[in-house]
Every structure is written in structure tokens, then in C-alpha cells.
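Next come two complexes built around subunit A: one with subunit B, the other with subunit C.
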Partner chain A sequence: MSTAAVARAGKSWNDVPWQLWASQLAAILRIEIKKTLWMRRSIWIYLLAFAPAVMFGIHALTSPMGRNCSIEEDTRVLAYTFQIFYLRVGIFFGCMGLFTWLFRGEIVEKSLHYYFLSPMRRELLVAGKFLAGFITASLVFASSVLLCFIFAYGHFGPTGRAFVFNGPGFGQLTAYLFVTILACLGFGAIFLALSLIFKNPIIPGVVVLLWESFHAVAPSLLQKFSVTFYLKQLSPVTIPPDGLMALFTVVAEPVSPWLAVPGLLALSVATLVFAGYRIRRTEISYLAD
Partner chain B sequence: MAVYKRTYKAYHGALTPAWSRFTVLTRYGLSTLFDSRPFTAYTVLCFLPFLVGLAYIYIVHSVAAQAIMGMNVGNAMPGTVNNDWFHRLLVFQAGMGFILAAWGGPGMITKDFANHSVQLYLSRPISRTEYLFGKISVLAALLSCTTWIPALILFLVKAELQGHGWLWDNLWMAGSIVLGCLLWIAVISLVSMAVAVWVKWRIAATALMLAIFFLLPALSLVIGAILRTNWGFLINFPFMITIVWAHLFKITLIHRHASGFDVVPLWAAWASLLSLCAACFWLLDRKLQAREVERA
Partner chain C sequence: MSPTTNSNVVFEDVSKFYGEVLGVNRVNLSLPPGVTSLVGPNGSGKTTLMNLVTGLVRPTQGCVSVLGLTPDEPEEFFRHVGYCTQFDSFPKGVTGFEFINQSLRLRGLTGNEAARLTAEAIDRVTMGEAAHRRVAGYSKGMRQRIRLAQAIAHHPTVLVLDEPLNGLDPMARAESINLFEALGKQGLHVIISSHVLHEVDKISDQVVLMSYGYVVAEGQIHGVRTEVKEHPMQILVRCAHPGLLASRLFSHDHVVEAKLNNDGKGVLVRTKDADMFYQLLNKIVVEEDFAVDTVAPNDDDVNSVYQYLIGNGGGTV
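The block that comes next holds the complex of A and B.
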């Protein structure tokens, strides 16, 4: 065994340059958040995330004081919007665009080598970029869900306020926001890893999309390998499956939140560890894209 | 010989006829696509529904085959190969063809735009329309081979095995197969080309195509639920195609999110699809126009 290897093995927890890593991570975060949040090309993510909020806004304007609707009805519509739009496609496509761009975008702009040439661990780069994407996605989608919630109950006036502050509304809002953040974490980790494996991560993304959409017809054991399965369990209002899907849906045993949340976190961490391992062997080829 | 000593002269060889020049682009486009082995494998996989359908038609008409397989269904089964059967087959093939188009379509044109090499094509005796037609023909040829051509073969096989004037009674179905598939091919090819010239990055173009065919339907459901209207379905292009196909195949359509009679009318479905095609044409025309580039 070489002396360097012995030295590496003997390195204690205190010898790790935490301070340097933290400052490098902060620098990556600063650059990446600026890139993902404020660039002109990021407009699409705002359009995608805030489209339902605009719809709820129009609904609030056309139905002041709940003239044409009821709180029960709007609660169901909000839950439907959250599960059909946000969980199944909105956050999915948002994360696909954001997290794929983190590395593939650098390759398109021929700028990844600047990061690779800097004296910094590549795992740190993965962590920094992931955190930046996660913060951006969570911020945008959570704000959008919050706006939807405000518009959905705001136009009921005192009844709506009573539902939120003296009823189950506030708990539902917290749960919606929490599930949104978890969805960004789970899908983000998957797409970051896919972008490091495939030249065109969208085609495997289709497979993930189909799996996440139709996992309910799979045996209950297989359903546990889906991000949406855990997220649906954590959603505050349940929407029963309808149409053709209802015929084939296999009702899996519900998972407790104490298992669902660590399960999703473990899946994300495992995917990130894999991404960190993968990037150590990555060689840049700007010809590919 | 040194390069400067060479003398260049005009090409005097045989010229490709003007009407078929676009096929050069198609030929090279197809060849580039099939350089990828996974793509070739997937294209072969797209013929699986055709083979399964062929086997099914044969089995339902062959008493011997049914006896060998231990099936005793009498004369009931041939009737299952009807307009609904062909409709379902085409829906499945169209779904597989969508992935084919999303995979191969954007890559054909994004490189030309990203590397500013369109002018190299257009400096040859080929017009913008021919350039576009050559590129679209690649997808059209591929999708035709996996959709309406196999479906027509199955239709003819069914007619041959059934006999008794089945062909003449159901000739309208052949028209529906061709018209329905051509409409779908036109929509999907134009969308594929338009998003490719717009974003100029293959991965983003593929993602955008997926978004149009997966995200917009979800958004349309949300619009319908929040605003209590069915007009949101107009941006659900797969559903619009379903409405048109259901009409062409004379199938009663029951959509799970439509309450009874409130489905979008047929004219609106046609208008929605034609508007999408027109928007794609406009975008392609705009991006393919010659423009002066000033370099600082």
C-alpha cells in the first residue's frame, strides 16, 4: 500500500476540510441559483408552475364570495389539481428541465470544463448543483401551490378564512407544501442521475413518466419503487382513481408517513451517491449534443 | 498535387431531377437515424402490434389453428375484428410511433440550426420548402411504415379471409385508416420539426414534444376542473385526435372526464388540430427565412 493511501485511510473526521467545502458549496449555489432562477430561459418553469394558479385566480374573480361553488367542491378541485397536474406532470417536467440542464446545459454551452478544472471535488459539484436545482424547484412550485391555495379559499371571504385558520385548511396547506418539496427532491435526484448516464435523458425520462403514471396497476410490492406512490400517501386529500385506470388499480397497503418520508429521502440520497460516483469517471465530449 | 495547383470547374455529371431532390435529404436522414442500434431495435419493435394483429386475424379465421390451441369459440370471433379493433390497433401503434418521432425527429434538424449549417443546404439548388419536406419525409416514411401501411395490410388480410363482400361493406374503414393516420403523422411531424427549430437543442426539443403530448392534457383537465368548462380540452391534442379518429371509425366516444354530452364538438377538434399545424408552419416559415447576420 502506498503512503498516500495509508495517509488517506488514516484521515480522521476532523482533518476533512469542512470549511473549504462549505465555501465551495456556497459559491456553486450562488452561481447556479442565479443561472436557474433569474435567466430568461427559465421563464418556461414559471409558466408551467403558475398556470394552475392563474386558473384559480380567474375562478376567484368569476366566483366572488363562493357564488358558484362551495368549499367542499373547491377542496376537491384543489386536491385534483395537485395530484393530476403537480404530482404527475408539473413537478415532473419542471424537474426534468431544471435538473437535466444542470449538467447537460453546461455541455451544450461548452462550459463544464471550467468546473472540472477548478480545484474542487466533483462530488461537491454534484451536491452544489443538486441543491441549487432543489431550492429553485421547491421555491417555484411551493409558491405556486401556495397561490393556488390562497385563490381557492380566499374568494370565500370569512368562511374561507374560518376553514383555513379554524378548520383543517392550514394542515392541508402544510401537507401540500411538504409533499411539493419532497416531490422536487425525489424527481430532482432521479433526473440529475439520468443526465449523467444518458446523452439524451429524456427518452429514459419517458419510461419514468410512464412508470410514475401507471404504477398503480403494478403489484403492491413494485408500487413501492415509485416516487408518486409515497407522495400520494402523504397528500392530505385522497382522490379515488376513476375511468379505465380504476378497473386495473391494485390497492396497495398504505405506508405510514414515518416510513414514506425516510423512504423518499433514502431513495434521493442513494441516487445522489450514485451520481457522485458516476461523475468521478465522467469525461467531457462537447461533440455529443 | 498541391491544392493551389488544382483547377476547379463546374460539375457536369448527371443532376438529380428537380422534383426528387428532397429525397436526398430523406435518404441521408433515414441513414443517420438507423446508425443508432437502439433506434433500429425500437423501430423493429414497432412492428410487433402488426405481427400480433396478423396472428390474431389468422387464428380467428382458422378452425384448425383454434383446434390446435384448444379454443372452441365457433363463429363468434371473426366479428371481433371490426372498426373498434382497427381503431384500438392504430391507437397502440400511434403511441409507439410517438416515441419513435420524439426520439428521431428533433435530432434531424436541431444540428442544422445549432451549427448554422442550414445555409449549406440552401446554397444548393433546393428550396426552403424542399428542405423542410425532405426532413419531414423521414418521419412521414417511418411512421407510415409503422401505422397505416401495416393496418391496411391487416385490413386486406381480413377481407381476404372473411370474403362474402366484407371488403366492399367496410371499404370506408380503409379510408378512415389512411386519413386518420395521415392526420396524426402530419401533426406529430410538424410539431417535432417546429420544436426542434425553436429550441435548437435536441434534448430540450424532445422534452418539449413530451410536454405538448403529456403536460398539456393534464393542464386541460385542470382547466376543466377549475373553470368548470370543457373548452380546456382544446389544448389536449391527443384527445382531439381521439375525437377525430372516433368519428372516422364510427365509434361512440365516452371520455371519463366529460360529463355525457359535453364533449368538445367535432369541428372544434378539427379546428384545434389544424390550428396546431398552422402554428407549426408559421414557426417553421419564420425560422427558415433568410436573414442578414452582422458580425461585430
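The block that comes next holds the complex of A and C.
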């Protein structure tokens, strides 16, 4: 293997060892996806993620062929479930558990130094670990959302199929999955960065939860530093602003999806760049941790 | 300290503080290839020095370079450096083979290349039979050996080993020492910290003696010993008539003590000037036709120097 082309200051774009970085990234993904998907600690994340799917499954079983319910009603319940449960509880806490453990877990198990002693840029390690967490979280939560959707409309029979394939159903499903993936990206980046700053990410996690829940009362400029600010307006079904729920669902100054998606991506990238900056200064002192 | 060169491990005025706690202070070293032993009691700064070499901690002041490279260039730096830390921990659920193979894949090696180097490293530490068992089921000695295998698997030029003999049985200990010696003779930098002084003493080309975060002595052990003026050199002379030799030596000022050895077959001499003593002995042998079997320093090993400098409160050379 030739690793001579090391990215030193002053080297040109062509001298950057892309091939080496790609193979190192693949190696990190192999290790980390296996770890995050199958670790015992992930069980509660699976339970959290698939709890709504179980509820929708039970509803589908008890209402065959849409008995005692309507597509409009189920669409509204799915929208509430998505915006209130998935975005604010499931994906939020799931990403918190998953992404904070990516580095913190290595520190607790005293195995982070093996990564630090590899001929690899630490920023690449951040990217690799983030990607592994992102893939795992997206897989788990997107599967759950997909199951909810199938259970929500499957039991209506031909009417449900018509709603999905000839009506707005399929577009809504695509949007739900897209927002789920964006949520994993945004929350993942934030929790990964937090885990590199705080030894115990619970308290900052609570602060983020409060911010994400009540950012609607903040000035419009500050709202743009919230992940849910972008996600709310990308959700395919609008929830009527009833009572207290309005605080969580109403977007006072909405931005277009063409700005919301790049806005969220920019927020995530900025957070990851900060994480890369932090990891460069991280020292191994397990006793202190 | 010799001038900075690209073939040495160099510390330039390096200090490391953990908050207000001193790790090491004002270390200036230039370690050439060969086996270097870091010797000192717990808390003397040996591990901090090793962590500084490998970039696991950053100096508060000064700089460290290895073969002219720093850990800020990890892709190049860690191709040359292998570090067996004293952390007895592993990624969860891995077998010995997977542990080494994963670390090689992180280096960007292909599957086949990594598998070949893994098998080779496992073979070097004679862990072939246990390689596909989970590390969690290994004995302490096996874990130590598999970590050593991981550190040498990529054929580093600089090998840093923190207490590598801990937990090893006598056979594995002897094999490891032979391995370190062989690597040192191949021109590698092998930097070892160990409390088993008489074992590292046999293979060390140079020693660094540390106490309370300071380097109190460094260099080849014989040279270090000569500089410890406050403790006269001990030299054991084996001969047929030790009593007669002792009587000849007493009259000289630089001979502090000359006593019969416990087995009665030699004289143990303590002298303030070893060179003058050897000249005197030559003169006695030549002029009086005195038969001498062997002459050997008795306290210029790491253990003695360690005791003189650190064990008894220490002093500086």
C-alpha cells in the first residue's frame, strides 16, 4: 500500500490521499455499524423506535377494512405521531443514546486510543463514526416510520391502496422518510459534538430538548439554530394549531423547503466541523473521565 | 542533549501538566535507535513520556518529534510508530485475530494484506491457538501478548512499550525480551518502561531514569554509573589469593574498601576512581605475576543506579 501521499500543508488537491481515506472510512464503518446495530445498549432504542409501529399494528388488527375509522383520521393520527412522538421523543432520544455513545462509549471502555494510534486523521474518525451512527439511526427510524405507514393505510384495503398509489399517500411517505433521515442527521451531529464537550451529556441533552421544544418563542434568527425548526415545515401533513400543541407545531416565520433543507444541512455540517476541531485537541486520560 | 536529528526520538524542553499536577517537567532527550529503558517509580512520569511520544497527550510546553515527524501528521507518523499501552482494555466482543486485523484495516490495508500481517504478528507472540477466541476469555498474559502483537503488526520503526512484561509468565517474559532485543538490533527504536529492572537491564542500550517528573539521568548505563560520584564503584576481582590482593590495594587513596567476597574466592573492591583502580590492578598483575581469573563491575546495572539515584531519595547526576 502506498501512503506516501500524505496531506501536508501546501499540497495540492490531487495529492490528498482520497483512496487511503476511503478505505479507512470503510474500515471505521465496518467496525462501528456492527457495534451500533447489535450492541445490547441499543435495545431500548429499538423499543422506542418501534413502539408506534406496534400501536399502529394493533389498530390495524382491530379495525379490519377500515372499520370504525377513516383515512383522514388515520392520516391526522400519523401526522401527530410523527411530529410529536418521532421528531420530539423517539428520534431525539434515540439519537442522543446512539451518537453520544460513539465516543463516550470508547472512553468508558478505554478503547479510544486504538483509533488515535492509527495512521488516520481524527476528523476522518469523526466522519466515520457519525456516518455509522447516521446509517444505524436512519435504518431503525425509517423502518419504523415505514411500518407505521403500512399499518395506517394497509388495513383500509383497496381504498388505502388507492390513497397511497393514486392519491397523496406515496408523496407523504417519501416526505416522512426524508424528514426522518434529516432528523437523524441534525440530531446526530448535535449529540456527537456534545459528547466531545461534556463527560455526561444528559444535562446538555435536556437543555437541547427544551430548546428544540420551545424555540418557537425565541426570536426568528435564533430559531434557525434549531433542528426541529426546519423539520416541522418539511413535514407533509400540517397539524391544526389547537391549544398548547400550537407551541410545538406552528412555524411563525416559515422558510421554503429549498432553504430549510440546505439550512439543516449547513447546521449539521457546522456542528460536525466543530466536532472535528474538538477531537484534534482530545487527549487520552481515561482516569480523568 | 545531542542535536535534533531525523533518526531520533527528540524531546525539546517538554513539560506536561494535568491541571496543577506535574506529569513531566523540562525534559530534553534525544533517543537514538536501540533499546531504551525508562526506569522510575510509579508516578515518575514514564507513561506520560510515552503518551507524549505517541500523541495521546499534548505537551503543555515544548515539542516532541519522532524521526522528524509529529502526531499532527498522523498518516505518516503512525506508519512508523507502534504503541503497546498499559490499558488492559479492548474493543467489545473481538477475538484476538479480529483485534489486530481491525487495526490493520484502519491503516488502509486490503483484507488479504491485513490477514497476512495479522497471522504473522500472532505467530511472533505465539498466540496461534487462541487467536480465534474472544479476548474477553484470555488470561492477563495472553491479553498482554495480543496487545504486543497489535503494536508490532505493521512493522513499526519506533516501538513504545509501557510495562510490556506485566502479567507474563517466565517463558513468555523471556520470549518477549528476546523479541525486544532482536528488534533493537535490527535498528528499531524500542522504548520500554518496566519495573523488572534486571530483565530490561540485559537488553538496554540506554536508560532514562525518572523521578517525580524529572529525568535524573540518561545515557548508556555504564556511563551513567560512572557519573554517580557519591557512590564508589564496586568491582569484583576473582583470583586465587584474594587476601593478598586486598592487602596490596588498601594502601591506595582511591580504594575506599576491599573485602573478601562471601564465597571467599574474590575481592569486592569499592573505589572512587575506576580507571586508576584498573591501572593499579594491571600493575600488580604484571609486576607481581598475580593470577586473576575475572574482573567485573558489580554495581553498574540499572538496578544499582536506580537505587543510588532514586531508591535512596535520589540525587542528580
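Keep this in mind: the second predicted complex is superposed on the first by the 269 of 289 C-alpha atoms of A that agree within 3 Å, B and C clash if a C-alpha of one lies under 4 Å from a C-alpha of the other, contacts with A are read in each partner's own complex, and residues count from 1 in each chain.
As a convention for this text, a contact is a pair of C-beta atoms (placed from the backbone, for glycine too) under 8 Å apart; a residue touches a chain by one contact, two chains touch by 3 or more.
Keep in mind the model is a prediction, meaning the values are calculated, not measured.
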item	value
Side-by-side fit of subunit B and subunit C on subunit A, or clash	fit
First, second, both or neither for A:Arg161, with subunit B first and subunit C second	neither
Touched partner set for A:Arg278, first subunit B, second subunit C, both or neither	neither
Touching partner for A:Lys224 - first (subunit B), second (subunit C), both, neither	neither
Touched partner set for A:Pro52, first subunit B, second subunit C, both or neither	first
Minimal inter-chain CA distance - subunit C and subunit B, angstrom	8
Touching both subunit C and subunit B, counted on subunit A across the two superposed complexes	none
Parts of subunit A lying in touch with subunit B, wherever the complex brings them together	48, 51-52, 55-56, 58-59, 62, 68, 77, 80-81, 84-85, 88-90, 93, 96-97, 100, 104, 108, 200-203, 205-206, 209, 242-244, 289
Subunit A partner contacts - residues on subunit B that touch it in the complex	99, 102-103, 201-204, 206-207, 210-211, 214-215, 218-219, 221-223, 225-228, 256-257
Residues of subunit C touching subunit A in the complex	18, 51, 54-58, 73-79, 81-83, 85, 87, 89-92, 102-103, 105-110, 113, 150
Interfacial residue positions of subunit A with respect to subunit C in the complex	1, 3, 6-8, 17, 19-20, 23-24, 27-28, 30-31, 35, 39, 109-111, 113-122, 281, 283-286, 288
